[in-house]
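Contents: one structure, followed by commentary.
Chain lettering (A, B, C, D, E and F) follows the sequence in which the chains are written, and residue indices restart at 1 in each chain.
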Amino acid sequence: MPVLKLGLPKGSLEESTVEMFQKAGYKIDIQSRSYYPSIDDPEIQCVLLRAQEMSRYVAEGLLDCGLTGYDWVVENGLEVVEIAELVYGKVGRKPLRWVLAVPNNSDIKEAKDLEGKRIATEAVGMTKRYLAEHGVNATVEFSWGATEVKPPYLADAIVEITETGSSLKANNLKIIDTLCETTTRFIANPTAAQDPFKRRKMDRLALLLQAVLTAENRVGLMMNVHKDKLETVLAKLPALQRPTVAHLSDENWFSLTTVIDKHVARDLITDLMQAGAEGLVEYSLNKVIL
Amino acid sequence: MPVLKLGLPKGSLEESTVEMFQKAGYKIDIQSRSYYPSIDDPEIQCVLLRAQEMSRYVAEGLLDCGLTGYDWVVENGLEVVEIAELVYGKVGRKPLRWVLAVPNNSDIKEAKDLEGKRIATEAVGMTKRYLAEHGVNATVEFSWGATEVKPPYLADAIVEITETGSSLKANNLKIIDTLCETTTRFIANPTAAQDPFKRRKMDRLALLLQAVLTAENRVGLMMNVHKDKLETVLAKLPALQRPTVAHLSDENWFSLTTVIDKHVARDLITDLMQAGAEGLVEYSLNKVIL
Amino acid sequence: MPVLKLGLPKGSLEESTVEMFQKAGYKIDIQSRSYYPSIDDPEIQCVLLRAQEMSRYVAEGLLDCGLTGYDWVVENGLEVVEIAELVYGKVGRKPLRWVLAVPNNSDIKEAKDLEGKRIATEAVGMTKRYLAEHGVNATVEFSWGATEVKPPYLADAIVEITETGSSLKANNLKIIDTLCETTTRFIANPTAAQDPFKRRKMDRLALLLQAVLTAENRVGLMMNVHKDKLETVLAKLPALQRPTVAHLSDENWFSLTTVIDKHVARDLITDLMQAGAEGLVEYSLNKVIL
Amino acid sequence: MPVLKLGLPKGSLEESTVEMFQKAGYKIDIQSRSYYPSIDDPEIQCVLLRAQEMSRYVAEGLLDCGLTGYDWVVENGLEVVEIAELVYGKVGRKPLRWVLAVPNNSDIKEAKDLEGKRIATEAVGMTKRYLAEHGVNATVEFSWGATEVKPPYLADAIVEITETGSSLKANNLKIIDTLCETTTRFIANPTAAQDPFKRRKMDRLALLLQAVLTAENRVGLMMNVHKDKLETVLAKLPALQRPTVAHLSDENWFSLTTVIDKHVARDLITDLMQAGAEGLVEYSLNKVIL
Amino acid sequence: MPVLKLGLPKGSLEESTVEMFQKAGYKIDIQSRSYYPSIDDPEIQCVLLRAQEMSRYVAEGLLDCGLTGYDWVVENGLEVVEIAELVYGKVGRKPLRWVLAVPNNSDIKEAKDLEGKRIATEAVGMTKRYLAEHGVNATVEFSWGATEVKPPYLADAIVEITETGSSLKANNLKIIDTLCETTTRFIANPTAAQDPFKRRKMDRLALLLQAVLTAENRVGLMMNVHKDKLETVLAKLPALQRPTVAHLSDENWFSLTTVIDKHVARDLITDLMQAGAEGLVEYSLNKVIL
Amino acid sequence: MPVLKLGLPKGSLEESTVEMFQKAGYKIDIQSRSYYPSIDDPEIQCVLLRAQEMSRYVAEGLLDCGLTGYDWVVENGLEVVEIAELVYGKVGRKPLRWVLAVPNNSDIKEAKDLEGKRIATEAVGMTKRYLAEHGVNATVEFSWGATEVKPPYLADAIVEITETGSSLKANNLKIIDTLCETTTRFIANPTAAQDPFKRRKMDRLALLLQAVLTAENRVGLMMNVHKDKLETVLAKLPALQRPTVAHLSDENWFSLTTVIDKHVARDLITDLMQAGAEGLVEYSLNKVIL
């Protein structure tokens, strides 16, 4: 039986990955201490790996595909195929990005001021490429962690991942440039991406995972509307998503069902009630494919 | 840009308040140690405050509005406007109330027996007003906590908040009167309540929050019914909430959708099946506006 | 007022039992240290008991009914009526079973090799019956726990409950026979099962609990389909469950609603999209009665 | 190399047993999930067992010796040799005892009132012997736990272990008789107790363990005393334990060292200071052999 | 039997108080939820109380004595007798003090700038007295907690307790004056302090508790010294504490025992070794009375 | 004021390092999130760093000294001075070592079989040096963690740190060679090691830390012996450590004090009692300098 070898990211995304697969219809069971989670699909084999190493093993064909950050694909610089972008993990926040940061009172204002300085980072490759692009010579030291506490004593500048910048701010650092914005990617080995069985399997998985992520920011709305108010209510709804309008047994009434963005719902619900909607109900969705 | 300053209750209601706002469509993020939670609506600014202090800052206009207990509105005795009552936090239980309690073997049987006695309470104002109403002179001492363990050695009676009375019972106390029943209220500063922007914002928020609380005790039911059984099945449904009856492609069958009380569902589901409903499905609801 | 006395299993199933009742519409509140949980139905009284003892108290009529494992019904060998089988607790895994296990390097290959040996088990009755059926004489010792660590020093063989066998394997034991497969059962006292009030109450409860368990492996699907594609899409759906097909206001479109198995959804969703479904939405279900 | 096979009690005494051995000079390392702890003495092999089963395996010679409660030695009624009594685990409290308890409002006042009643207990053997001694016929049912919540519905009386009686009191039960007082015992197999190597090993272990337990209630005191006050100070010290009186370089002063009971120290220290002791110091002791 | 009624501080000092009493020779057992801890001295009765309320109940004679902060004695302003100062709880740190703090960018520089301002504090009495001393009129509002987050929106200044000032600093506040430094005090009711039994009991308790606190910063040193080096070694020891110098069996050697400050030990040990000490040993002390 | 910059290891050794310093007389306070712990000696500044990076910053002079593993000194290959070896962290177990491990069923038997293979390790430098010494060409890949789960799919062999080998065994790996044994070292920058102030500070610190570690495996013994038994008892004591023998006031008795190894104490105590020792007492030691 053919099998798809799939790498899942160990660490901060682990729990939300399992949850996302569960909503997609797959039960992944991670035994403590084990790195080979079980999944209830005999055509898939899973392995837990650090995001940093994922693209290496996918590129080498030891895995057919995997989930990892775009940053580590860039850092490792190896050839892989992107099947899908999956924006999850820290829902509703700003994108993660790798930034160049220096102490608040540093003289370093831009890339060229790094000449001859010492930079600590977990992403040595990305940082060296950045320096090369700016024609700057500087020492890049691999940091085993807690990079943000190193300046000014143990480093002049750092290249570090951040979401809100609050950890940098708390360590009296300021951001002076962005090297890379990153989200999670579903990547594949180029050869595996051409294998019909594997490609079909990956495409179907990607469709389900994206449907789950789309659903996280959507809600379903159901309401009853009298025929006289129907046009007014329909006019309030966002144009792009066609609502379902069903006849009721009482010919004067319609049942209206639609899917809208969670944020839109805040104001829309009051507007719909004022426009004549009755018996309005909102419910959660597992998957949405528009 | 105009902004609504909103006070949220710190402490036992904190977690359920965040959850209620989340269902209402607002993401509130409370950083540990911070008392200024972020909210994903630029027109709202939040501050965490003890429920005891909320009405003071709302009445003085330092906040436009806030969520607090009716008891502390009464205790503080300041002028605020009630936007909505929000029954949440301890779902499905008895209402919270402030009671006068004495040791099981005390001679104090009613308010007038308190003459000359010592009463410990966190609600000094409410207790003094109660004594005044009954024309009784007694010492009211502010208690910093663990009030229920003070009688009989450190106090003759206490005025304390309780839900089931079990903590009082465990300390060998009996309830002899109720001073105040309380639920959470959405209160506003009188001036803010007349400001068009702020009032519109508060009314919309109140609608969403109440829709969430209504939904917590409701479920959606969907079922198929043959036209011959439709009348029988419809007769079983609660009269007040009009069900949606849609034609199916097979003209002999109808799809019936309704929203009912969770408790009613227990018996109703069996009754509906016996009356001819088929393919019955129950689902959860985020918001309900009837 | 008549009351149904219901025993709930204390221990590993406790939390999932409360959750299952909650989905069924009953709020059970277990105070720490208390064995008499409250339930929001005045016609039911609950008591928490070890699964091992449940059938004893049900058979003797001290309880009207209870939830316990089939294994302990067998072990105790008393007369009770089975109202329903409820497969829950460890969703999606293999059934629990009581097995005969011996050290990997033991000479014991089958039941008859147990002659004169020492067997440790928590299920003494079940094991003695098994030995009698095979005409074997052996010492059966009641084990107070950690049975799987006893061979080979403290026992020659054990009879122990297992799901995946991994704990046995980790202790260098191999399974050589299965004595009993077990799931949770809703059992009743024979007299109570004939009492009209009690039987009606138990049957309705069983219906709701089974509806909850059915729903756990199902999802609801809703999608829009053009009339030209309707036949193709309908042909993709599982035959057994009749979908709801409602006319939309635009006569060329139909709204299609159905309930399918979670596992089926994985492939079906892609197939439906390819067959012409649009605006597909999946949602969770609390209860399903087909 | 000869080896002593030693059983250690699993459960509530586990942690304090490891600690007691550590003070005695033995490092026991219990890996999670393992029942064969390592000990840094190649002449000892440890196994963790429930106290209930210990005397069974010691009596049968599968273990040379073990630590268990006197109650379970009595309950099992097998032949073992007592090497030492070790009073530990719940330091400074009342001894544990098995008691006969009935509901506060029960008619059962003494053993003979149990005729025809139902008794729940974990100690079936001890209870049956007690009934036989009193010439009473009653049903004794093995209880799998939570015995104290069974009366009055599921049992008429219970035989249960208790220290302060507070759990019984909380369940509205009163104690009407005591069946057995119990402490931990170091027991040995009769044959092993006659083996020179094993007996020497056990005796030395017992000496060290008892020295640890003695030390827990003792403290060391050191003080300087002028020769003129020496008699007065010495007269204050407990007669039984001879203090060490050393000459100092200044011939007029003595250094006095002694070991006293912790409780005695409370008053003694003030008395000693008043009698002329100076520079008094108190320190903890690991082991004391008087 | 006469009894001393003793109040112990509930909250942050609770655990360290129990530990201090344990070292003093008293076992205090605090059952969860109970405010009447047991103590193994029948002549003492304990009650747990908030430090804020302690001096009130001691002054009124409901308690004979108690442990509380000097700040709350001041705040309540009632007549009590101080038996002893006990510096514990946050060993080795700066003393706790109540300070006046304002936002970093505030115009308030000193007490007189508070005229007409709003001050939030838990210590209303202390703050009002401070304002009166400076002839300033300002609003003092009782704060139920999180006082440091109130400026600048909800207060102009605060009076708050602090140790290192770091929490104030983190909230962008600066200290402009100190109202009160505080440590724990063992206080007594004036009448109880004259009762011979109670006073003797309190004095002995105070002696033991202070001996424990003294011991926390001391260590015992023991070493051997040749007679030729004795003067040199003795000269290195702190002058105030007379060491014990005992003759050994070998007349040329002395055993030297002393008690020194922990901090002094750091350098002293090297110095002593260099001066000729041999076989140096350091050990912990439970109690020290110099 | 001159200051010694000291690096402390972040991670698994962090807690035991703080504890070791505390016993040495230094209070280190690690605020959560901070990497610059406070220490109560104004002449020392601390920084928390990963052991992997310590020797880099010490060698470059950014730190004067630090605690790190010998392995990471070797891995980084930089010039530092070793002040002391400190065996702590995992007391009483085997030394940590870096080993070459392969799957149980691998054909790789020794270093030379690695030719052309893929090796995963966190210690790339150490592994490459090892391969060079054996004249072998192989791919060495940096592993970000969970190295032991990579063979056989993601690597042919690994170089990994282990203590008991149990984690390797659990992953079906066998050890075929040892690359490096390691313990904690107190290292210094060569220039700092020649600075009089810094060297003196480091030497004194090393003396105290080693005294603490020596004390962990020692206990103090004190006993009384009659002059007639003195020779016999003294003959039992280990020769190397000279006991203190003091005259008592009763000329016929001696007080004997000594320090012995914890393991020796087990048998020695019984032997001493049998040889005539009386009133034997054992106590713990904080520091021992022999």
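Miscellaneous remarks
In the analysis below, a residue touches a chain if its C-beta (ideal position, glycine included) is under 8 Å from a C-beta of that chain, and two chains touch if they have at least 3 such contacts.
Since this is a predicted model, take the numbers as computed values, not measurements.
Chains that count as touching both chain A and chain B, per the definition above, are C. With steps allowed only between chains in touch, the distance from chain A over to chain F comes to 1.
Note on connectivity: the fewest chain-to-chain touch steps from chain C to chain E number 2. By count of C-beta pairs in contact, A-C exceeds the other of the chain pairs A-C and C-D. One rotation lays the C-alpha atoms of chain B on chain D, and its angle is 180 degrees to the nearest 5.
Rounded to whole angstrom, the centroid-to-centroid distance between chain D and chain F, based on C-alpha atoms, equals 37 Å. Averaged C-alpha coordinates give centres for chain C and chain F that are 52 Å from one another. A straight line joining the Cα centres of chain A and chain D is 59 Å long.
Within chain C, contacts with two or more other chains are made by residues 246-247, 283-284. If you sketch which chains touch which, the pattern fits none of the simple shapes: not an open path, not a single ring, not a star, and not all-to-all.
Inter-chain contacts, as defined above, occur between A-B, A-C, A-F, B-C, B-E, C-D, D-E, D-F, E-F.
Those residues of chain B lying in contact with chain E across their complex are 10, 33, 35-36, 47-50, 52-53, 56-57, 62, 141, 143-146, 149, 153-154, 170. The part of chain D that touches chain E in the complex is made up of residues 92, 219, 222, 224, 246-250, 255, 262-263, 265-267, 269-270, 273, 279-284. For chain E in complex with chain D, the touching residues are 24-27, 40-41, 203-204, 207-208, 211, 215, 220, 241-242, 244-247, 254, 257, 259, 283-290.
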